[in-house]
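Note that the chains are named A, B, C and D in the order they appear, and that numbering of residues resets to 1 at the start of each chain.
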Amino acid sequence: MDWIPNFLLPFFYAVTMIVAVMTIAGYSVLAERKVSGWIQHRVGPNRTALPIVGSIPIIGPFLTKLGIFQPLADGLKFLFKEDIMPGHVRKGYYFAAPIIALVPALTTMVVLPFGQYVDADGVTQPLVLANVDIGILFILAVSSLGVYGIVLAGWSANSKYPFLGGIRSSAQMVSYELAMGLSILPVFMWAAAPGADYGLSLYGVVRSQDGLWLGIWQPISAMIFLIAVFAESNRLPFDMAESETDLVGGFHTEYGSFKFGLFFVAEYAHIVIGSAVFVLLFMGGWNFLPFVASPWPDGVIGAVLSVLWFLFKIFAMIFFFIWVRWTLPRFRYDQVMRLGWNILLPLAVGNLIFNALLIAIHDRL
Amino acid sequence: MSADAKAETITINVDGVDREVPKGANLIDAIEQLGEEIPHYCYHPKLSVVGNCRMCLVELGMPMRDRATGEPVLDDDGVQKIGWMPKPGIACSTTVAPGMHIKTKSQVVKDCRNGVMEFLLLNHPLDCPICDQAGECRLQEFATDYGRGYSRYTEAKNVKPKRTRIGPRIMLDDERCILCSRCIRFSKEIANDDVLGFIDRGSYSTLTTYPGKQLENNYSLNTVDICPVGALTSTDFRFKMRVWFLKAVPSICTESSVGANTEVWSREGKIYRITPRRNDAVNDTWMTDSGRALYKQVEADNRLRAYQVDGKASSFDAAIAAAIAQMKQGKTAVVASARASLEEQFLLSQMVEATAAVRVDMVSHYGDGDHLLLSEDRTPNLRGALLTGLINDLPDARLDGLGKAIDAGEVDTLFVVHEDLAAAGLTDAQIAKVKVIYAGIEENSSSANAKVSFPLLTVFEKEGSFVNQNFRVQKFHNAIPAPRGVVYDLHLLETLRAHMVGESPTRPTVPAVWELMAQKITCLHGLDFRGLGDLGVGVDAGRFASLPFVESKNLKHDPEKRSKLGVEAGATA
Amino acid sequence: MAKTKVLERKPLSLAERTYLPQIASGLKTTLGNMLKPNVTLQYPEERPVIPENYRGVPTLVRDPEGREKCVSCQLCEFVCPPKAIRITPGEISEGSDTEHVEKAPEEFEINMLRCIYCGLCQEVCPEEAIFLQDIFSVSGYSREEMINKKDKLYELGGTLPDRHRKWDKKKAAEINGPAHH
Amino acid sequence: MAILNDENLAKVDKLVPKYPEKRSATLPLLHLIQEEHGYISNEAVEWVAERLDLSPINVYEVVTFYPMFKQKPGGKYAVKVCRTLSCALGGAYKTCKAFEEALGCGLDQTSEDKLASLEFVECHANCGRAPVVMVDEQMFEGVDENGARKLVEKMREGTL
């Protein structure tokens, strides 16, 4: 009877993971609203209160003021709003689109390591659902599927603004996927150096950043990757697909209630995943600080601390995402294309060649 | 008249400018004709001069002459010197004289007015916010021109009774009274009812009636009009509406054949009061109290408000169809009205032609005249019916002739305008024998038994003209909108006429009807509606001048003179 | 033709062309703003300080004796630019305590759907009976509800001190008779 | 209506034609009536008006204008205390007060026993010795408070 560890346990882990990512995504929305409020000298959501929790003397009002309960209310609202479907949409694709948008975002987390556990034998093991060697390839492959959701949504809506949004989104996705892929090659060229046994495993990348973080060692790669993540997750200043000023709402113009909510969550899940990957690749994962040995003790406590540290970094990245959003204006479409093809792609190729040469020279020495 | 006036002018010098004024005129009137005003309270052009308000003080002077030789006294430049009177004099009791010099804007004059205003305002309660006169108050107007803006009087003001009923229609506020005595003079000189007077003296002076008497003659409300302040107010209009909201439309009083010129004051389709409009050829500046109450017929309970067929409300088109069907059966008689306007009578005469009516009758409404502004004929337009050819002789008070015709079976259908058949002497049996088509303002015995009833409009809801006792054509204007759904009387008559002859009806306007009338009626040749002006035009009575009209001598009517004038009447229009 | 002066556009430096310094300074600005203290007023709980001459909802006031000050002179109705005021004047019946005032509004309506809060009614009122006070938030479920009737107007207006006591003086004078004997 | 006795009626008949306008006889007629009755009633006003072809209000205006015409019956004596400047300075107010107390009535009133009516009037044109008091047609000078009381006593005794 080994179906419990073989089947039920992974399932439990997966559900936990989904809940965690979804929760973080939900609270990213809150963070977005709150931070935008602060940046614009407003207060942001501060009214929603739970019946009992909200009335606990000091804590209740404080949480309410922070808007902690707001995502709950938003989620409920999305759930219970009337589900309006325009008459002119292509129904099957219209329903499939939000699911297709969300599923890849959630799937990528399977290969995301989020901490380490040193067991009683002193063996360090990654905390991950599936520690596959081709982790980064998996992520690149699956996450770029998310664009199908957007394209389908744009097309199935059968009206011009969503359609334009979908087209733009796919073009953008194609443009930046290249630069993104090329930008992380040097990372792996260094991390998966001959002798290291972990190939394209993300865990391996983190392990390799024990001392020096790759973000410092490979700043150009980090920058290109960061920009590409912005573009891939359709964040400002790259939200061509839904730019309100010229496309009304882009691909989700015709969506409402829970289906819109799915898109919404998918977008923020992308941010979470993107932040996590960036942290893993360039910010040392759960490693404490550059050149400082991680002080995590062995055992469960060390594992929890490493996870928390990793989460902290993710949150910092999410904050950065939001911060950028409320600072930079949206690019024009042609600017987005030029940046992707004319600048980032050559830069990434150049960076790759430069690093290859560097490694070649390094190996000769 | 105007030609005469032009011949008799003299030159006076007003504020350094030589101006032509009518000879023998009062100085205030003369200046008014020049388009300027000398402020005054007690003076009234139609009343005697008392000169007790002192507001009209002006500087007066005559060219100097040497007393001994009678030679003009010249100054160094060889211009005749002006002998200014040492003190200002009141303009109201000064008659213009050739060469007279007056100053109306000098500092002295202004000081005089300032002083007079200060005294008048000493004990004035300053209750303009609750005063009905506010907005048309001479005291307010001159206080803005010559008032000081604040009072130097620190003592307590005089207190007098605020609401004394000095007549059934008049309320006196003693505190506001400036003792100009216009009302007293009016009662005595115009109304011949000398009941008002000032009792006590000094600051106790009070306007009052003799104990046990009231100002209750039929002209009492004119005292309210001429009161320059808010001392006398009409109980009917009191506190109802501020005058600045009211729109004044020139109209004609329908009470009697005098045809007093009036102004109808309304706001948003509701009439609040009627006041006289000055017309020296008709009513001077007066009118009767009873005439002022006529606006109440607009909202009277017995007003006919809807088109009816067989006593049931119906649409205009259905009522027209029913009436036409009835009249086409033939043997239609028409009872016309002297209360309809000239244009309506004309269109009715057209309709009479179109229906080939067997006879046209009219009912007279005579009462006692007061030899002033209430004549014996209580209809406004009897002479109009004569001019339009509806009738050829004076009507009787009873429809006996028509009654006989009905009895003889000569009449099947009766088209009645305004008149009450039972009151006009038809028996129930006679009425029952015919089908009645009634058009009128009120519900009465005619409408009660009518096959078809058409609501007509009051004089306030339409425009048109009346011919008064002196064959003077005077027009009235639309003051308030007609009741919902009721068409203009002219439209109704034209529709009936057109359907009778199988034409398609037009919507006749008063000026358009006038064009027709001017062609068809001899004495209206060359006239048009606009040309009547606000004061009306006298027309040639022609062969009707010798008819034995019932009007006796009154304010502007002299039957003897009238019949003598005959043909000339038109010429002096 | 006015002379046009062509300004030469300077070429961007390399650092400027990367935009990175600009982005960094932008981020600095937004972060600086974020850390500044907030000025937002938590409206329904916190109320703004209403200055004395604030022009809120027009109301009718009573004098300290509880007498209605309005004498329905209708000047406000006249001056009201959007014609929001509607007064039916009435007479104070003889024998009442305030019969010396003679006139009071029988009905007084201010249509808050029309009112533009210009304050001309307050300006023009000779009896100091109408005031735009500190109420700034009005709402209702129907048009009828938005027309403030006389009762509502007095309820909103309350009582204000009367500096002149004109009618009190007048009444005293009526009781005591003329001052000079 | 017996407004005037025969003697006065005869006077009236002589008076009226003396004036070019009848209206001018109003004052003399009113004086006659006041002399006979001591006051002028509304009936008298109406009688005068009829006699002179006037409206009653015209006569009424005259009656109310002059303070010397009484509209109500007064006391046996009419006491008039001067209040104009020199008399006022000379103590007319005190004198008046004394009269009020002695007669037991206020100003412009008649004492309860109908003895006298008291008035505080403008100058009697006899400013020699203030205060000046007139009782009916008799002039008294220098009437102080004591003088006033004495005058009232005399009136009571009928020795004035």
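Assume contacts are C-beta pairs under 8 Å (C-beta built on N, C-alpha and C of every residue); 3 or more make two chains touch, one makes a residue touch a chain.
All values derive from a computational prediction rather than experimental measurement.
Asks: Report the most central chain, judged by the distance from each chain's C-alpha mean to the global C-alpha mean.
Replies: Checking distances from each chain centre to the full centroid gives C.
Asks: Counting contact pairs per chain pair, which pair wins?
Replies: Per-pair contact counts point to B-C as the maximum.
Asks: Centre to centre, using CA atoms, which chain is the farthest one from chain C?
Replies: The chain lying farthest from chain C is D.
Asks: Centroid of chain C to centroid of chain D, CA atoms only: how many Å?
Replies: Result: the chain centres lie 64 Å from each other.
Asks: Using mean CA coordinates as chain centres, what's the chain B-chain D distance in Å?
Replies: Computed value for the inter-centroid distance: 51 Å.
Asks: How far is the middle of chain A from the middle of chain D, if each middle is the mean of its Cα atoms, in Å?
Replies: Chain centroid spacing, chain A to chain D, equals 117 Å.
Asks: In chain B, what residues contact two or more other chains?
Replies: Where chain B is concerned, no single residue meets two or more other chains.
Asks: Do you know which chain A residues sit against two or more other chains?
Replies: None at all.
Asks: Are the chains arranged, by touching, as a line, ring, star, complete graph, or other?
Replies: line
Asks: List the residues on chain D that touch chain B in their complex, please.
Replies: For chain D paired with chain B, touching residues are 42, 45, 55-58, 60-61, 64-65.
Asks: What does chain C use to touch chain B in their complex?
Replies: Answer in residue numbers: 71-75, 77-78, 89-91, 94, 100-103, 126-127, 170, 173-174, 177-180.
Asks: State the interface residues of chain B toward chain C in the complex, per the touch definition above.
Replies: Contacts found on chain B: 125, 127-130, 134, 155-159, 162-163, 203-204, 238-242, 244-245.
Asks: Which of the residues in chain A come into contact with chain C in the complex?
Replies: 35, 38-43, 323-324, 326-328
Asks: So in the complex, which bits of chain C are touching chain A?
Replies: 23, 26-27, 29-31, 33-34, 36, 38-40, 42
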